[in-house]
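Think of it as A, B and C in the order they're written, each chain with its own count starting at 1.
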């Protein structure tokens, strides 16, 4: 019978005691992230993000469906999260835990409600046909800070994704295969990133970035700020917990902005790298009749 | 869309005729339900909510549900089950009446937005209630939304605080909440935008805003929720106005409690006992 | 290992060649963890790993870095008290292992009146006395023979780190340097750090010290040794680097 891996009293006390002496278990600075890595899959729209031992896989898929009746000009955009027992013994199949609901809501608010994806561009025929874009977020390993890692994976996957090209001639919709026409990227407006602060101590006076699972289990409160690199807040969520000084929250937001800018540059670099890799030899290589055999 | 903003810049009055730093009328009552351990009714403008608290009592069968937080240390840790926590579990349930908003909509049972509201209120109160005094027990807070006109989360938090006071659950201080916004949308990069206090539904739809809850008269923020796009530079002004608004709300809540206490002493419902001596009942 | 000549990697269900099985005149053949006897004469590995044969003791077993801890008799483990029942504590050994029982009287000098009070979440260093497939494991914190604790008992303060089962086993070997290839704890001690450890076969290492800095350092050294599968030379470098960073 798997059980929630709750830390022992010794661990709880030690983590707090060590933080009091400005020590983290893995020797990081308080505002330092674990090494962030991003790899794209062979297909478009697959992003595999590892943040320390936390690992999240996001996969984007698209299909043509009928738009919602009340929004005939908008496409459909959904984000589905999956937290199974694979990620941690604390999660069960089928029953969404509070962690999962809050994660889904945060991703929804950060990516969907902030208008990162232009849903109007997904409309094909008003009221009749539209693209339905779906992001599946799978948490493969949980070692804390799922929110930041998942958000980064979702944004990376969506920006990497290419949907099949379409055309409409005399009311007839044609969807082209990748061989016929090069797939097209989504109409992307801005890239929001989540930065989560964890607070420790009786008054929440110690603030950490990128808490590990052990640290998350002893924190007294947390605050997630989503920002893009233009300095726009997309969402702030400090959902209860021990109260924290308002001034400290403002400082956290300022630091979060620099982190979001770093994320943004990192993602741009990775996307460019991947585009280069895919475009090996360019057009001439495609025309050439030589192959590996 | 920016009807509100343009009108505001002319007369510095908002759609409902308020100035930037004015709260709407807050009307509150406690002990509205005779059968409950604690109850309250709260109106902020046209937003009307009711709250009923039962407990601390023996926990029911519904354990580990979403929106319930093991108190004490587990306050902020998501997924911290009640299994190992020492304090009482704070379980919140919210019912939004079908007739509460303009378009009559039935809310689904597992609506994530409501689950999030529940968990927020539960986490916020668990951190300021002295839950460690009631081990292995549950405090059930059920909230009913009768009418919605913006600032819903703030109204719910205030109502829950009042009902907990009425139920006599020891707590460090009032958790008072209100909303704050900013004139001009995120797109208009208007540096001279004014912060606004206490948004109604129409303003909430059009303008960026946030909900903030503070503990008592301090500047310490228990809940901060922002769901709209806004320039980071605008945050400081909004937060300052919001925290200030929370202090005003706290005074109002405090007045309601004292008033009710005074009346109860007068009516002879309760003795003016030892505990009430240090509460200056005038 | 000093005695063994070669190590064979086997997969679950592989056939083990007849000549490999040690044949001793007097002693019966002893099978260690990871091997199973299927009558009449087949011996089949049940896990993937290295097959170790010890001809002198007429025994063979598997060395593997398994993911899940299964209690076995005489294992030293670090458990976490889950709750206390009338006469015993329920102790959690690992997330996927059924909880073990620890009688409240199985401590040094414990009587009905003077038994230790362990809070929920407290750590204990204990020995597995009874482990079989169909029952919860039973633990003790006192040697039944001598009535002494012999180092077992509640662990106070300090910090518990999770390591792989393989490293925990190597750390527990009598000559961990020669047989297990881990010297990291000795090296840290040689650097002048004062700390004490308790290694649990269930993949937990408890480190106690007066200085949190030392505990963090030991924890990092263990984790990096484990994750990087470092050999003795690399461990030496790691310890040098960590100690330098800390100062």
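As a working rule, a contact is a pair of C-beta atoms (placed from the backbone, for glycine too) under 8 Å apart; a residue touches a chain by one contact, two chains touch by 3 or more.
What you see is a predicted model; the values in this text were computed from it and never measured.
With respect to chain B, maximal separation of chain centres occurs for C (centres as means of Cα atoms).
The chain closest to the protein's centre is A, with centres computed as averages of CA atoms. Ranked by C-beta contact pairs, the top pair of chains is A-B. Work out the mean CA point of chain A and of chain C, and you get 38 Å between them. Spacing of chain B relative to chain C, judged by their CA centroids, is 51 angstrom. Centre-to-centre, using mean CA coordinates, chain A is 30 Å away from chain B. Chain A has residues 6, 12 in contact with two or more other chains.
Chain contacts: chain B has residues 84 touching two or more partner chains. Touching of two or more other chains is recorded for residues 120-121 of chain C.
Chain C contributes residues 80, 92, 95-96, 98-99, 119-123, 155-160, 206, 212-213, 215-216, 219-220, 223, 245 to its touches with chain A in the complex. Looking at the complex, you find that chain A touches chain C at residues 1-3, 5-15, 17-18, 21, 23-27, 89.
Here chain A touches chain B in the complex through residues 4, 6, 12, 90, 96-99, 101-102, 104-105, 108-109, 113-115, 198-199, 203, 216-223, 227, 231-247, 249-250, 253-254, 257, going by the rule given at the top.
Within the complex, the chain B residues that touch chain A are 66-67, 69, 73, 75-81, 83-84, 110, 112-113, 115-116, 119-128, 186, 210, 214-215, 218-227, 229-233, 235-236, 239-240, 243.
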